[in-house]
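The following pair of complexes shares a single chain, chain A, combined with chain B in the former and chain C in the latter.
Then we have the complex of A and B:
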């Protein structure tokens, strides 16, 4: 027995040593480019992304691209957090939110993209200016990320169910919206599919209500502490969530189910609408994945009559690629080249035609024969935004605000008053500052 | 009296059936889901699949690169277990059989290791791994697992070794055995039941760990199976059918190992009883 164990140990050690060495000697001469993005999984957009990386590797045999991207949020955060703390930041990475970018610029973790954008006019001038401006930092010159995804958040709704309920067109104002919810309840469907167990889904809904009621600049004021979560106008945005909940706009099981289940309720025709982003379009138009695919249309979130000035203050998804500020020489040149390939006009055309994934560039148009009406509807309405915000907490320097705000908003669905939810968030701010 | 006994049997069996169902339930859910697509999983989560999508397993095997990752997971887990058997049992032998000045302090020192949550040391460990250029090094990964599993293994083995009859050891020493021989030929074989138990925990711990390989391994040739499973998680949606198929395949190996070790435990226990 002992002899067997010793033999196994020796064998394993040899195996390990062999594996651990691998082709390191061959690879040592090559330039290594590490990527840590959220482009992982089995979606079509990820396939395009991986294909572009393969093309880059074929073009440059002296480069190894190590893609450490993680779709799973906690895995991504763990990796990024430890990389930031241990000073082993990847060449291309992604940081969510803009509030902390100033610190990273000061510690030279982020490269300024402005000189690179200015140097290559054909590439640099093709980006949507609003999306680029999102990555400017007050008090600092420069642009600190390249936007790689943009899309309008809104309601995907089932036209057939709306017609059955006697609603001719998607409501434009909040009051009309509340009437529509009553009519949808009368035909026994869930008005809004919501899976609050995935707290981001409630967070997204509140973001859009917030921007419609107070505008995008108010989120920046929350971040700079000019206004508070307990101010009556901010509490009112939480009150609107309560209004929807009290009206039974969501399924009674909404607090306990995940967003995947809620999305399935909508895809099976059990729910009349869902508030989500353009990333679901490819499944919404797939007959195998969405039985009611032929009835789905898209609309912007209704506006408040008394706040008509914020009618087009929209929540949009904007995701970035950032470059490490420590790169030099050949490694820097190759990294920039790969970044350009991933965000070029050609990449944009491939992303939109093959995956209905929108790169925020203005120098190409989607092929109408290849993309669906739903994508075009989303894209057309996205052009009407006169103010763009992502998540409200994106402007807050306290990292825990992502979880705090989302959990407190969910608590409104569980019976907490909007003021209690606002106080809970404000307490977190007081404690952390 | 007989009625009382019948009641007792009914209650016992009801409880056992309830516990069994609660353990088997998630496994059946995983196996059923492995044949479904997302829509079917979420609309009828507990039903038998309408169509058995066997292609989920083929796609999962390819997408998760399971052939290579399986091999890596086995190498990592088996190496961790073997190193732990020797290191933990040696320490336990000393702590359980020798009276020296710092014995108690040393025991407490090892026990303190159990109090350190893994998450709290991720940054310093990854800093050292980065500085020492140990990324993509399976030996480093195995040593990290060994370090984290050592306190628990020492705790269990020390307790077990303290229970070995002292007269056996004394007899061996009188017969001229050295301490090394006592350890290798007497204490280690007698401790097999405890070693088997500890090995199951350590094997599963190494097999299931995601965080350390996620931070230390980025070479596709060296990744373990847990990282392969992450391939099915996208930023805004996951392919649960494929993920469940991959999990079903992944669970098979530890299940077999567990069953094998279960037998060892029973065998070991009987052997110990006869020697006593």
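Then we have the complex of A and C:
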């Protein structure tokens, strides 16, 4: 008898385990829109983003929005790769890079946004053309992403420390910059906060040096193999990193500390400047998070006198929303509607005024009473860019170039010569091609 | 012993085993088969892209890949040092604690504590100790040992050793508990007889404790080999495989190749090589510790 009871219970438990998927019939009638973006966390920009999604859901009770966005880069990448591998791509997502997007287009994973932009003139014509054109893929017609964030990368610096070091204004040229570094060292502060354990930080610094020395188009030429990482001019861009390192512009700890720690050094007044993007503005103006908040100002990376033509070739952050190329019918219509709501003029006004987060649109202006000086400084200088690049490897088809280039640049901080670093990167290209 | 004859008993056993078996097949056997297929294929990780058969190309590429060879060297170092230190230290601690010295329960808890923490948390804690301005260097400076202050996780000669030392520290408690359980199975009469025959503690250790614990020591070594080959989270939390790939292990490289570089074929080939390597080392270890002969 006991055996029979045990047997029955066992079999029931097995059945329950396999049937425990729940009753999803109610949800099956609704259109489901999945989002996988980097908009996660507790920042004000995420609050605006969540609020817009909530408005969309209220407007369409027959739609369920499943927001699977991840703030952490690794978690995001892992989730995206799993979705790509299993063929369950979200409706709205983002993929890093430009040149590597070709195969996503060929396999119909990315929707061409150009017809949608052309169709809705009011929405489509409001975007910053440079940001929009960033997502034209070599060899393909169309535009494959809607830019959702833009801002200038540059130096946030501590005016007080600069004054103490006897530097009246932020240096405009590379030579003035090197002099300033010496003066900052003389007052025993770290001239540039850098945490190269987070390799992107030194990668970003090199991107900007690269654009100032060779221009944004040179990055495209690296991607199309018209120039090589071992070419003297390209090696020179790595040499500038070495020059800074040899001059002790960074802390000796730089290769071993994370970017968070380096940022804290800057926020506490231990370091005079940090090269980073506009996403840090909200913490830099927060007295609780940044004790030296009142002294922080923003400046563009200095230019090279001999390369004055690239004075305004800037690294900017441009983040995209992409939509799946396989959408059809109501699901597609709703996805596009949500995308438009997230990137509309109204959204742009909310993002900038409530979160100091810049949508790359030209059809609105920030309310000067609502945004801070630091944001305005970044925004004003961003208008001077006559060439915009994001990461140099964005134009390379080889996915491993993100890690390869950044790691090799870190090796320069550890004593490798710029030519060795260039050869290491070029070797990766030879191996993968 | 319960004898099973009836068909209904067999069904009952099957009923109990089936859920676990299905889960095992779904999450172990099928992915393993998948990895074997991918290891001889080229696939970029897109469901819509074809999986192209390339034979042993991925393995050939790995044999000439500088990064893989560095990771392999690191892994061998990790295995050798872990096996060389884990079990001997754990054995000494287990014997000391088993002697019921004063405060033995406290010592047992202290040595076991690192084992219960998540490895990621352990890795982060040691990262803050080893970082250039971390606790270790501050301590060395405070006792005027400035000449020994080094960037532990950056320096080529110290980075991997620092991680290995943490792996040893974090694992000792686990093996100590296993060996303590083994010590509890040795009859006290053996030690009493040895004492009557005049054997001192050292002789008792080598002539009774070690031979009696040999099967347990064998298990510890096998687990240690497999554990050392599988280390991932510790590396990720402390260095992410950097700087410049210096502290990569095949496990971290597998992750990078598959999930960062869209190279699932190469990533799977690393996984298959690791599996073969682990199996070979386990067979070798069983052979050396006499497990094979004993089972016969």
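Odds and ends about this structure:
The rule we apply is simple: the second predicted complex is superposed on the first by the 410 of 433 C-alpha atoms of A that agree within 3 Å, B and C clash if a C-alpha of one lies under 4 Å from a C-alpha of the other, contacts with A are read in each partner's own complex, and residues count from 1 in each chain.
By definition in this document, a residue touches a chain if its C-beta (ideal position, glycine included) is under 8 Å from a C-beta of that chain, and two chains touch if they have at least 3 such contacts.
Computed from a predicted structure; not experimentally measured.
Once the two complexes are overlaid on the shared chain, A:197 sits against chain C while remaining clear of chain B. Applying the stated contact rule after C-alpha superposition, one finds that A:288 touches chain B and leaves chain C untouched. In the superposition on chain A, contact of A:87 is made with both chain B and chain C. Shared-chain residue A:269: touches no atom of chain B or chain C.
With both structures placed on the common chain, the touch criterion links A:108 to chain C but leaves chain B unconnected.
Once the two complexes are overlaid on the shared chain, A:130 sits clear of chain B and of chain C alike.
When the two complexes are overlaid on their common chain A, residue A:142 makes contact with neither chain B nor chain C. Of the two partner chains placed around the shared chain by superposition, chain B and chain C are both touched by A:78. Common to the chain B and chain C interfaces on chain A are residues 13, 17, 78, 81, 85-88, 261. Those residues of chain B whose C-beta lies close enough to touch chain A in the complex are 37-39, 42-43, 63, 72, 75, 78-79, 82-83, 85-86, 122-123, 126-127, 130, 136-140, 142, 184-185, 188-189, 210-211, 214-215, 218-219, 221-222, 230-240, 242.
Chain C makes touch with chain A in their complex at residues 8-9, 11-12, 15-16, 18-19, 44-49, 61, 65, 131-133, 151-154, 239-240, 242-245, 256, 258-264. Chain contact summary for the complex, chain A toward chain C: residues 3, 6-7, 10-11, 13-14, 17, 77-78, 81, 84-88, 103-104, 107-109, 196-197, 199, 251-253, 255-257, 261, 398-400, 402-403, 407-408, 410-411, 413-414, 416, 431. Chain contact summary for the complex, chain A toward chain B: residues 1-2, 5, 8-9, 12-13, 15-17, 19-20, 22, 24, 34, 38-43, 46, 66, 68, 70-73, 75, 78-79, 81-83, 85-88, 260-261, 263-264, 267-268, 277, 279-280, 283, 288-291.
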